[in-house]
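First the structure, which I've put down as structure tokens, then a few questions once you've had a look.
Read from first to last, the chains carry the letters A, B and C; within each, the first residue is number 1.
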Amino acid sequence: MSSVRHTNTESRLVRGLLIALALGFLFLFLGLPLLAVFSEAFKQGFGPYWQALGEPDTLSAVGLTILIALLVLPLNVLFGLAAAWAIAKFDFRGKSLLTTLIDLPFAVSPVVAGLLFILIFGRQGWLGPWLSAHDIKIIFALPGMVIATMFITVPYIARELIPLMQAQGKDEEEAAVSLGASGWQMFWRVSLPNIKWGLLYGVILANARAMGEFGAVSVVSGHIRGETNTLPLHVEILYNEYNSVGAFAAASVLALLALVTLVAKTFVEWRMQKETDMLNAELPPEKAPATAASLQSAPQGGGGELGAARRFPERTQS
Amino acid sequence: MKKNLAKLVLSAGLALSLAGVAQAQTSLLNVSYDVARDVFKDYNPRFIAAWKAKSGEAIEVKQSHGGSSKQVRAVADGLEADLVTMNQPTDVSFLADKGLVAKDWNKKFANNASPYTSTMVFIVRKGNPKGFKDWSDLAKPGVTITIPHPKNTGNGRNTYLAAWGWALRQPGGNDKSAAAFVGSLLKNAPAFAPGGRDATTNFIQRGQGDVLITFECEAELIAREFGRGGFDVVYPSQSVLTEFPVAVDKVVDKRGTRKQAQAYLDYLWSKDGQENAAQNYLRPVDAEVLKKYASQFPPIKTFTVEEVFGSWEKAFSTHFKDGGSFDQVFAAK
Amino acid sequence: MRHSSSRRVLPGFGLSLGYALVYLSLLVLIPLGGLVARSTQLSPDQFWDIATSSRALAAYKVSFGCALLAAVVNAVFGLIVAWVLVRYEFFGKKLVDAFVDLPFALPTAVAGITLTTLYANTGWVGRFLEPLGIKVAFTPLGIVVALIFIGIPFVVRTVQPVIEDIEAEVEEAAATLGATRWQTFTRVLFPALFPALLTGFTLAFARAVGEYGSVIFIAGNMPMVSEITPLLIISKLEQYDLPGAIVLAVVMLVISFVLLLTINLLQWWTANRHSGRHVDAGAQA
């Protein structure tokens, strides 16, 4: 997408300045910390780093972290799509309230988020006596950790999709439906292709957050070594045990997991590029109508109203 | 597609419920504080071998480590610990209040249920450039001290009580003079680290402060991590005796592991268990073992919290509760 | 024309809203409701005393103030980063793009420890700031630095897809009409990006308010000066004072809720106004 040549772009100077600003900011706030993590991890050389990663407790923590992410993400995608669809495409009372409720888990301190579920499932909680009578373990076991991670990641995909779907409006879907498409056809052929980037970013963010979450999971995990320790919890414990190399080596694994982003994104990009190439081969004049439309509307609006041209001002809120 | 989604949700649910089922094999869960890992990593194989020899039963010991108070809260909320090994008596008392350990837990084992002890010492820069000898030197103007949060961490609380107790036991010492002394000591702390480990990082790696106050046993961990060349240990004239209380959780009756849990803790007092403590730089309560490792443990005059403050509960509510003496001293500084 | 009975045209309203509501209720509403219910076990006087103690007030100020500052910085730089990542080509762009999510993947404690080491007066960054008289580690400024770190992905990742979605034709049309690049940006691009930017800002802010793990290492944690509210909550828990901790949690929750609701209403309002203009434009046509 980004490789589209923009005939209308900033001057070289502005471009250079913006790139410098962006990279400078990212280097200061992301690059340096990352360098510091790796320099700690490799402080004693590659051998100890590798050895630290091979520890059975560390490996089991990696496994648990991935398992939790795999359990949480599908549920989260479903919720994100449903919530964004309802909020972006329809008008109803209390929409702002609903959006705020989706945001709320962000604002709840991770410390408190863990506590919430202790108050429900803990021995002294609402369901505690019942659970203990039936010998069901929620808290201090996998289910509790999954629930806490679900809570933490509720907003990510929904919040990623809502502004995007609002910006896109609902004309295309309405057109599809009026042409006789079924609900699922419309969703798969029209809506999903339109939101693929947002959805991908949302999944990537939610995944990173699910894997990196410390505070809430820490409260409900019980910290049993080799059993309920996720990677972030394991990192903290190693650090507190005066095992910096182990701690930062484990942290570097989490940092590398963020790189999965790169792989996923590049892959999807490549696949889609191939698809559009094929489409373009079939329908060469594909772009013509859109350009015509924007040219048509342009003379009428002028200046600020140019936004009316095609997509983004068609925000569908009442 | 709908089918696939349903399958996915179902299998996720199944995985959840499967993971929730407890496994049934003889194992103990030892819920412990943060830096105790080395102690129990060495101790568990010793106990497992001894138990096998005695009873013929193979046993597995699982470890859970974390901040001491956080750990006991988890136990109170349902973490099924067969036994707890903590670093603050108030943490075990909290479990007693919740009915999870015996009310008289500190009588269930010898030595106040603490199989080994430690004390608060000073870690100074190599060669002790500022010539620190005793607590009074740390409260002088121009000195900066590095300590963890005195209110929220076990390490910080012990430091606070050690300084308070020292001041109280000086000629003419009383609560007022102790409060004034602790106030001037705290004035020398530009920041409170969130935990003992981070206070160490602040001191050693980030070069903050002239002196770090911490457990004697931690000095060895610092040396192993950062090398022996960077610092010296200074023993003040008097310091607080810190205890590491242990107790059996009544969960053992449900799990059928009381015998094993009791044996696990009893074995801490055996010669083998005491040697293990000494090798991890914790002062053994067994006089013979202590003598054997005397070179590791320079003599130091210590006082217990009970002697100076009546009890841990009392010390806790007077000093560390909101509005207590720490808050007052800090507000006055 | 906006009210053209879309409710009947597009399918799935009941299903999607219903699913979203059930999911939210189970996971968010009931647990938070339970928290609030627990806080009513205290008398209103007790609640008020804990909620408005001078320590707590100072901590709210630190938490919300630092979070606001960090979110503003993130909004400005996040927009620039997103723009640069979508529109320009430069060496290593894909790698940079991937690492934007790092603050999420890295456990907060690691971030806190690392940032403290960097910004202490002996660290890679701190040693250059020290001679200038700027102290970052163990001051409120350090809190802001940690909160900027954890908030970066929010703005970048909410704005990025919207920039990707803007079609070149729009800008080309503006240019054809003689708009300068700056005019195109302020009148065409920025209004289109604004809702997403505001969303990103809100999320970064909300997340920063509750953040604990990365902040406590760099904060210094001095009562009244650099003590954040989540630390006070932990402090209560360390005293086994669950009701006190719940009170502070509820206060934070209510303040956050009101702030978020205000921003969401504001967003709804700007979007509304914007589409109102669109209708006018249509009417003129």
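Throughout what follows, contacts are C-beta pairs under 8 Å (C-beta built on N, C-alpha and C of every residue); 3 or more make two chains touch, one makes a residue touch a chain.
On a predicted model such as this, the values are computed, not experimentally measured, just so you know.
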item	value
Most widely separated chain from chain A, with each centre as the mean of CA atoms	B
Comparison of B-C and A-C by number of C-beta pairs in contact, larger one	A-C
Distance from chain B to chain A - Cα centre to Cα centre, in angstrom	39
Distance from chain C to chain B - Cα centre to Cα centre, in angstrom	37
Gap in Å, rounded to a whole number, between the CA centres of chain C and chain A	14
Multi-chain contact residues (two or more partners), chain C	113, 117, 234, 237
Shared interface positions of chain A, touching two or more other chains	75, 78, 239
Per-residue multi-chain contacts in chain B, two or more chains	70
Touch list for chain C against partner chain B, complex	53, 55, 113, 116-117, 120-123, 137-138, 216-217, 219-223, 226, 231, 234-241, 244
Chain A residues touching chain B - in the complex, by the definition given at the top	67, 71, 74-75, 78, 118, 121-125, 128, 132, 135-143, 146, 184, 218-219, 222-227, 237, 239-244
Interfacial residue positions of chain B with respect to chain A in the complex	1, 5, 8-9, 12, 15-17, 19-22, 29, 34-35, 37-38, 62-66, 70-71, 74, 76-80, 195, 197, 200, 221-222, 224-225
Chain B residues within the chain C interface of the complex	69-70, 73, 94, 149, 151-153, 190-194, 198, 201-202, 205-208, 316, 320-322, 327, 330-331
